[in-house]
Amino acid sequence: MMHSSRLTRRSVIKGGLGLALATTALTTLGLPMPAKAAGKKVIIGAFADGGLTPFKEKIIPLAKEQGFDIQFLEDEYGVTLEKWFADAQSGAGQYDLYLLDDPWVPQFGAANVLEDLGAGGIDGSDKDWIGSMIDMGYWPPQKGPRVKGFENAKPTLICVPFVGDLQTLTYRNDVFTGGAPKTWDEVIAKGKEGVAAGKIKYPVVFRGVSGNPIVTSWYPVFLSFGGSFFDDKWNPIFNSAEGKASAEFFVGTMKQNAPSGVVEFDSDQEGAAILGGDAGAIIQYSGNALKADDPAQTKVAGKLDFGVVPKQQSAIAQMGIFIAGVPKSAPNKANSIEFLKWYVSAETQAKLSEAGSIPVKRSAFGIAKPGNRLIPVALQQLDAGALPRPRTPDWAKVEELLGIELNKALQAGSGGGAALDTAAKQVKDYLTTAGYY
Amino acid sequence: MNTRLARILTTIFVLAVVLLPIYWLVSTSLKSNREITQEGTLYPHVPTLDNYVRLFTEKQFGSYLTNSLVVTFFSVSIALAVGAAGAYAIARFRLPFAAERKVGLFLLTLRIIPPVVILIPVYLLMLSLGLLDSWLGLIATYTAFNVTFCVWMMESFFREIPVDLEEAAMVDGDSRFGAFRRITLPLAAPGLAATAIFAVLVTFNEFLFALALTATPRAMTMPRGTATLIGRIDTDWASMSAAGVIGALPIVFFALLVQRHLVRGLTMGAVK
Amino acid sequence: MRNGMQASKYRLQGAGLDLALPYLMLAPGLTIVLGVLVYPLWDGLRASTKAYRYGSPVADVGLQNYVRLWSDAQFLNSLWVTVRFVALSVSIEAVLGFALALFCLHEFRGIRLLRTVLIIPMVITPVVVAIVFRLIYASDAGMLTALSAAMGGGAVQILGDPLKAFIGLVALDVWEWTPLMFLILLAGLQSLPHEPFEAARVDGAGAWRVFVDLTFPMMRPVLAIAIVLRTIDAFGTFDQVFVLTRGGPGEATRLISIYGYDTAFKFQQTGYAAALFVTIGLVVLALAFSAIRLLRRIDAS
């Protein structure tokens, strides 16, 4: 008995030592050379997204030259909202700056956890801002319906646009030879011709996965058909005649002219379809659009062009920018605001534009050499019309409810209107429990 | 002969089912992202260790490993010590109102409740104590979890040891605690080892609370760190798979080394 | 705890340190557990009686949150998904585990290797297991697609299809936990007395007869315990689903743990989520205790 217990302990100790040695070896590999820099520390939280790559690669080094010591904490999208909101709301002070997805601003605003950047010295009324972008930084919003409890509050600038992004049309110029298709009918018609000619397999591709993906794909269609999501009193009106028409078009015609697996597609698959040459047109954010010219990422380099989204009644795209906020509990608050001031200056924005990201100041769009040919098109789309998602803290839940119903209809290939009705009722019920009316 | 063949085939089949996914993980981790998404090769045509290097130079995996090691070591040691003491008390003493049995049952109940139930309150507790994103916060949480089942497991190990040996020692002049230390503990060593191994496994692999309680590489553990790469947009398959390999390596290595005791611990609860 | 050698207990006696010893030995453990587990549990109970807006409590609503749960379609759906998941996974694991245990009952070449390899799936970090399976199922970069392409087929869609994603999740769980069932059942088989089986062999009974009349009945207690343990753990499955599908597509794999997490953290309904978790905790406890009672009855027979 004694023997075996000694052996036992020895083998466990051996195991433990071996483990410790192995991991120490691995760890020393990862220990960075301690930075002697006594820079101004700024802890930035961001979610992994290709749209931030130019910022990471080109702007952070510039910030370091300015004396900022940037700690860039990247995490997966599905985790960041919860993490950052918990951090801000509990005052935990783990971040100095969040690079939020703009639909999150109302939630942070309503909880009153972000610094007043206007008071901090950032001028929100500067004409150089892209109007629709800077509007998103105010809570409560300067225009449009306000959530209950905030009707009389003074709009405060709690976030500033960080990297612009919005949907534009990417299309095959060998199929749509006359330039970007102007209407949805043209997209389908010319797309079918392209299929017949063997140039593409499907006129369109989009994301069908339930939740944010499908709602984002449907939204520009909805807007272009003339739909409105909520009325002034937050009643859901997306199941209006126009809304239903857009939903029927989406789950019917569009699905029939898209790859068969589209109901399961997310960004990766829809990107693969357009970059691989199978699809004729796609409405997408810049992340995948930016891959269009890289022969290493696409099989049809040179055949993809960008344009304004097609219209039914109007040609409105959805906006979804990276927008930055500073939590009240930020450990290095002054540094953070100083960094933001430097970052949103026209000069830095011009550099961002050179690096290939969509900037947030108008002057930066007009530079001589934008890093990417999408940038001028983005400005065109902005001027043609680009709307953010409704400014409500409960958008996440609303989007989820709508996404579930839309996805079901998409799977069935019909019933878009009915799906909207069901979703509208669910949204109404949910908002009632949340005290909206 | 027929059964021999059937045996061999079954063994191969089972081995394949277990090892094929692991092969795929490792092979993907040695490819570049381009090869993974564009070519879909069955084995790395252009093998590269880049993904692994990047994990440590860009993605902070060294920190995650260190944090996991430290947190696991302390949570398990403290829980073992505290749990052994508590288990001994429950196994050996008859307290008024059968208190010791009630305590045992209480701890068992806590073990059964899915941890997710107390996720938010624990988060708020750690917040109010200023222990978010810290080793201490994680250690406190994990130790508490481990104590519940350490007591449960070790109680039966202690019960197996005859009282007479302790009493003999006490007759010879030892105090009760001394007898515990000098006689009982060594005899229970295999059980302790099994419990320790089980605790290491559970603690190292824990994800949910690491997700809620940490935010920066200062305290993020391996599983939490690995999760930063699971993105569904522009998935970085290469890094993700390398992270998977690195994440699994320590614990698999450890488990294989201490197999025997691991098996003993896992089956002990069921077969008594 | 049915051991032939049941060590007797000390009654409290002696004086001074000896008298206090059991309390001293229990104290540290109890303190930690009370502080870090029980207090938050109590806190959670209190939170479940409040309504939260934007992360802060705004009103006391008593048991309303609990009542609301049962008319919440998404909660009920996640409950149903969880029950289906647990039932399917655990039963497959039990059957496969039993089969494997029977297979490994007698020594043969390669059994050592097999047993060693079988440990791997259940010790790998669940997050990594999910990564492994994402790499298998992914429609663009996955193993199934690669195999299909090598044979001339097209991309294989798993994670985007609700049914296939669910089956894929079950497959993951089976891959990960069958080894545990295997180990427990093997230990159980090895602890069975030899005589009845000797007698049966002498009598010339066939393998199937032996199994139905001897093996299975004798293994019932162990099987029951293994199933109960595994079921309790399966209810709390979170990590793997979080990484594999995050509950999607739609609600196809949204287990109760994921829905609770989303409700608390994504939709900021802290009080409602607390009520959800308390309910689930009670359900699991009820399951566990009735299972233990059932086990006692099986054991006694």
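Labels A, B and C are assigned to the chains in the order they are written; within every chain, residues are numbered from 1.
What we mean here is this: a residue touches a chain if its C-beta (ideal position, glycine included) is under 8 Å from a C-beta of that chain, and two chains touch if they have at least 3 such contacts.
Keep in mind that what you see is a predicted model, and the values were worked out from it rather than measured.
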### Task
Sort out for me whether A-C or A-B is joined by the greater number of C-beta contact pairs.
A-B
### Summary
Farthest chain from subunit C by C-alpha centroid distance is chain A
### Query
If you average the Cα atoms of subunit B and of subunit C to get two centres, how far apart are those centres in Å?
15
### Query
Rounded to the nearest whole Å, what is the centre-to-centre distance of subunit A and subunit C, using the mean of the C-alpha atoms as each centre?
36
### Query
Of all the residues in subunit B, which ones touch at least 2 other chains?
37, 124, 227, 230, 232, 235
## Note on the structure
Flagged in subunit C as touching 2+ other chains are 140, 246
### Query
Counting only residues that touch at least 2 other chains, which ones in subunit A make the list?
78, 86, 266, 268, 272
### Task
Would you mind writing out the residues of subunit A in touch with subunit B in their complex?
1-2, 4-5, 8-9, 11-12, 14-16, 18-20, 22-23, 26-32, 43, 45, 47-50, 71, 73-79, 83, 86-87, 90-92, 94-95, 266-268, 272, 287-288, 296
### Message
Quick check on the complex: what are the subunit A residues that touch subunit C?
### Response
78, 81-82, 85-86, 89, 107, 110-111, 208-211, 261, 263-266, 268-269, 272, 393-394, 396-397, 403-404, 407-408, 433-435
### Task
Can you check the complex and tell me which residues of subunit B touch subunit A?
34, 37, 55-57, 60-63, 65-66, 69, 123-124, 127, 132-133, 186-187, 189-190, 193, 196-197, 211-212, 215-217, 227-236, 246, 249-250, 253-254, 257-258, 261
### Message
Under the definition above, what is the set of subunit B residues touching subunit C in their complex?
### Response
7-8, 10-11, 14-15, 17-22, 24-25, 28, 36-37, 40-42, 82-83, 85-86, 88-96, 100, 103, 107, 109-110, 112-122, 124-125, 140-141, 143-145, 147-148, 151, 156, 158-163, 175-177, 201, 204-205, 207-208, 222-223, 226-227, 230, 232, 235, 237, 240-241, 243-244, 247-248, 251-252, 255-256, 259, 262-263, 266-267, 269-272
## Note on the structure
Listed in rising order, subunit C residues that touch subunit A in their complex are 53-56, 68, 139-140, 155, 157, 159-161, 246, 248-251, 265-268
